[in-house]
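Please find the structures below.
Look for chain A in each of the two complexes below; its partner is chain B in the first and chain C in the second.
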Partner chain A sequence: MSIPITLEFSGGAELLFDRQKRHDINLPKQEYPWRIQELLPWIRDNILKERPELFLQGNTVRPGILVLVNDTDWELMGELEYNLQPNDRIIFISTLHGG
Partner chain B sequence: MCSVQEDDNDVPFSKVRPNESIGRTCMKCQEKAVLITRVNDAFCRSCFMVYITHKFRATIGKTKLVRDGEMVLIALSGGPSSSALLHLIQEGLSERTHKKLRFRPGLIFIDEGAAVNLPSSERLNNCEKMLDTMRSTGFPCCIKALEQGFDIDNIPELTSPSGTCCPGSQVEKDLGTIDHDTESISSDISTATSSVTLNMSECSISSSMEEPCSNSREAIAVSSLSRVESSFQKYEEAEEKLRCLLKSLNSVSAQEDLIRSIRHKILSEVATTCGYSKVMLGSCGTRLAVTLLTDMAIGRGGQAAVDTVFADKRYKNLMFLRPLREFSSKEIGMYNALNDVESFFIPTLTTKGSDGASIEHLTEAFVTGLQRDYPSTVSNIMRTGEKLSTGAEEESKEYCAMCQSSLDTNVVASSALNAVQFSQRISNRAADSDSIIDKSNKTGECCGEGDGGCNTTRTRVTKQQVLASLCYGCRLAIRKIDDVEKLPLYVLKDVFWRVRREKMKSEIEEFLLDTS
Partner chain C sequence: MPLKCGLCDKQAILKRPKTGDALCKECFFLAFEEEVHQTITDANLFIKGETVAIGASGGKDSTVLAYVMKALNERYAYNLNLVLLSVDEGITGYRDDSLESVKRNEIQYCLPLKIVSYELYGWTMDAIVKQIGLKNNCTFCGVFRRQALDRGALMLKVDKIVTGHNADDIAETVIMNVLRGDIGRLRRCTAITTGTDGALPRCKPFKYTYEKEIVMYAYFKKLDYFSTECIYSPNAYRGFARAYIKDLEKIRPSAIIDIIHSGESLSVKKEVKMPVQGVCVRCGYISSNTVCKACVLLEGLNKGRPRLGIGKTHKERLKMAEDLNEKGDSSINSQNFFENGQLDSFSEQSSQSGLSCCRSTTAGCSCQTSEICNDTAGIHSSVDQQKINSLAIDF
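Take a look at the complex of A and B:
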């Protein structure tokens, strides 16, 4: 069973995604639960259009990009360790000047 | 050491491990938390809002600088921080508590699209969105374009603070829509009800005004958007000047620096001509930490303090306030997300650029990295600004013709031979009046003194004369410029005015020496 989730990019982060802010996606079924840790490379490989270094740094998001899981700071959700649930809404907000 | 607030942690704690924060409750009320801020404080949604509004009012209130009923111009960029600022002000004005805000805001949006070559359709779109947002507040508002800075031509010292344009009065006014210098009509102020319609537009940048009050309320109310559009077409010349100037600077850092100074010039012009005594900027603490470190790196160490303190008093009769300086960019981002505050994305010169695209951009990458891994360090950097003082601010009576900071060049650069060379060159030239004012090079504009009706003509100034009137940071920014005539007119006129004053002074001295 695949996992449907919604991704949103704003504050300039959308520029790296063809200026599209909202992406409704289906994560393919896999043996282990999907964590944000796996979501990030999936985003890079599937919907990111350019300059991955402006979105990711190492295995996590670039500093200055806020991550909200269902309107809650991902720092309270285990960050990379968070297990994605069906219909989760993950928001990436760039707080960097000029995106 | 840095005990501005008693509960501050000065020791830079490293961030807590993520799995220790899962499912934490609010530190105030034990509800489920929605975010972690500061060093490691978890807040629920409502306690976070209380925390933010309290901090905002405390920042404004504790200095007692903003008086009841005072007119305060709010500078909006459309970006997240200034959008949050507007939201906080609206909330603060509407509340019935005794902590209610009591000043009278006016709004200004500066469209900087020309500097980053934004397509005009996008600029128009931004202006329309901002106009909608601003109108919905019911506050007086206006729109300016960055390139309009090139149409400002009065010398600060000579501007009369006359009340020709007074948004405070409750009558309809349409000020200075006619600007015979630039033929530009830009923006309008209108309240949401449009029963009171004001237009502060060009009064700030035209050297003379015809028909200061022409009561054309309908004209504004009917087609404000089309007038915004028409204004785009009419600034082509100024836009070209702006592009030309930016192109002639040697680095993105210098360009960013120049844009910042033109933006401040426009804000100060609009504020003083329209009767505002304070301007509020949306810069948050993270941004100010970046500014502070950038200032040091680009030779503006002497201004790092005024660029980051709560109240920037460098302009005469005008104060720039930074009420969001206690907020991190994360707090602003969370505030906007949780309140559905809309902001739009504004590209800058370094958008999509690598970290090293400019000094400011690289500094930002450094500061945001610090903010993530050592959350308390950023406010420590920002607060350092309060403690920096060169002592020159009070002593110096000379101001930079470009950024209005006190001239630090006597203090800072005098060790370098440069300053000496400058003064030598200038005194050599002063002896030869033909080279200081080259009569063959008239540019055809008024000298800028008085009402603009005199027949004195401003003449070209040399690069040395310009540099001598600038602070160290501005000198560095424009040192590679090929032709100083590309600079905004207000800078050139200011320089010209100084050169003339110097010349008169030396003539008088000669006279005194001769007779003694």
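Take a look at the complex of A and C:
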């Protein structure tokens, strides 16, 4: 069974995704649970349109991009280790743009 | 499952970078606002009855600043008269869009808005970029924006300007000034209020506020802000400092506040020569040179030598002197020009008439044929004077 989740990019992060802020996606079925750690490369390979280095750094998001899991700071949710659930809403907000 | 709020029983939504506390939405809002209030009262930033301009770009920091200033002004009866002040740099596809968000803020927050345009210099950034290209345009924009904000504030007759500079910005600036060896700015850059010596005071109520919290606050309050990179080249040097600070924050979140603390605690040895803050002889704006950077940049633009105020100034001035030699009198001593043509010495002579460096060439000229030199100078200076006089009127 695939996992339907919603991704949102804002604060300038959407510029790397053709300015599209909201993406409703289905993560393909896999043997182990999907964690954000696996979600990030999936995003890079499937929906990121340009300059992956502005979104990812190493195996995580670039410092300065905030991540929220269902409107909660991912730092309280285990960050990369968080197990994605169906209908989760993951938000990426860049703090690196303008002021 | 997420943690409980450290202050109440609700579910936490955010981990505070400064303290590591987990807080719920309401407790976060309150803690955020109260800390800004604390910063304001600790530093005695405002006096009752003052008119304060909020420098508003339409971006996250100034949008949150406007919102919080309005809220605190009401909650704690600061009795301030708040206005929004924006600068239109004339960047199509960037500033025009962000100004739309400021105009929405004007209505949402019921604050009057004033927009000052770079037209007051006779040059939009779009036109400047056509002249200078994409490499040094940020220099023009930064210098002109700073002045334009002051000019707008003077037109509005405000007592103070507040800007949305946050803790991350200030830590970045400390690092940049260390890397550049700019001791004068290093000493000034952590001050919460600057410009108290005559010019309009500028304050930074978000001096200790983390960027992460500003963005989270805007997100949870659903504030309407604009976030697009400027279409012209980003400030590369600041970009590196920025990435560096964010990397540090990831490893140890208190690094940002610690860098600010280091900057605040620095004391400069007595032997170190510091630039003396004076006023520009041409426009009266605060400057550590006789002629301020904006006037030098403007002179360059108006003379078709846009690189005049960029990088190694003397190189460009030398080239200008050589060109003049070819056109005018070949006996002008360019070594002499070089010495006299440096900003500080030439500009004193130009103080009365708003002249260009050409006349100083004459003054420093070792030859006897001053008429020719003066003629050449006259051609340039009359053009220059027109521009500068019109500037003076704008004031």
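Throughout what follows, the second predicted complex is superposed on the first by the 97 of 99 C-alpha atoms of A that agree within 3 Å, B and C clash if a C-alpha of one lies under 4 Å from a C-alpha of the other, contacts with A are read in each partner's own complex, and residues count from 1 in each chain.
Keep this in mind: a contact is a pair of C-beta atoms (placed from the backbone, for glycine too) under 8 Å apart; a residue touches a chain by one contact, two chains touch by 3 or more.
This structure is a prediction, so every number in the text was calculated from the model and none was measured.
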Clash-or-fit label for the pair chain B, chain C on chain A: clash
Touching partner for A:11 - first (chain B), second (chain C), both, neither: both
Which of chain B and chain C A:38 touches, first, second, both or neither: neither
First, second, both or neither for A:79, with chain B first and chain C second: first
Between chain B and chain C, more extensive residue contact with chain A: B
Part of chain B, among the options 132-140, 168-176, 186-194 or 222-230, whose backbone runs into chain C after overlay: 132-140
Overlapping contact positions on chain A, where the chain C interface meets the chain B interface: 10-12, 15, 63-64, 66, 68, 71-73, 75-77, 91, 93, 95-99
Chain B residues within the chain A interface of the complex: 18-19, 21-24, 33-36, 42, 80, 286-287, 290, 329-330, 332-334, 337-338, 343, 345-352, 354, 360-361, 364-365, 368-369, 371-373
Chain A to chain B touching residues, read off their complex: 10-12, 14-16, 50-51, 53-54, 63-64, 66, 68, 71-73, 75-81, 91, 93, 95-99
Chain C - residues contacting chain A, complex: 2-3, 11-15, 22, 57, 59-62, 98, 164-166, 168-169, 211-212, 214-216, 219-220, 226-230, 242-243, 246-247, 249-250
Chain C-facing residues of chain A, complex: 10-12, 15, 62-64, 66, 68, 71-73, 75-77, 91, 93-99
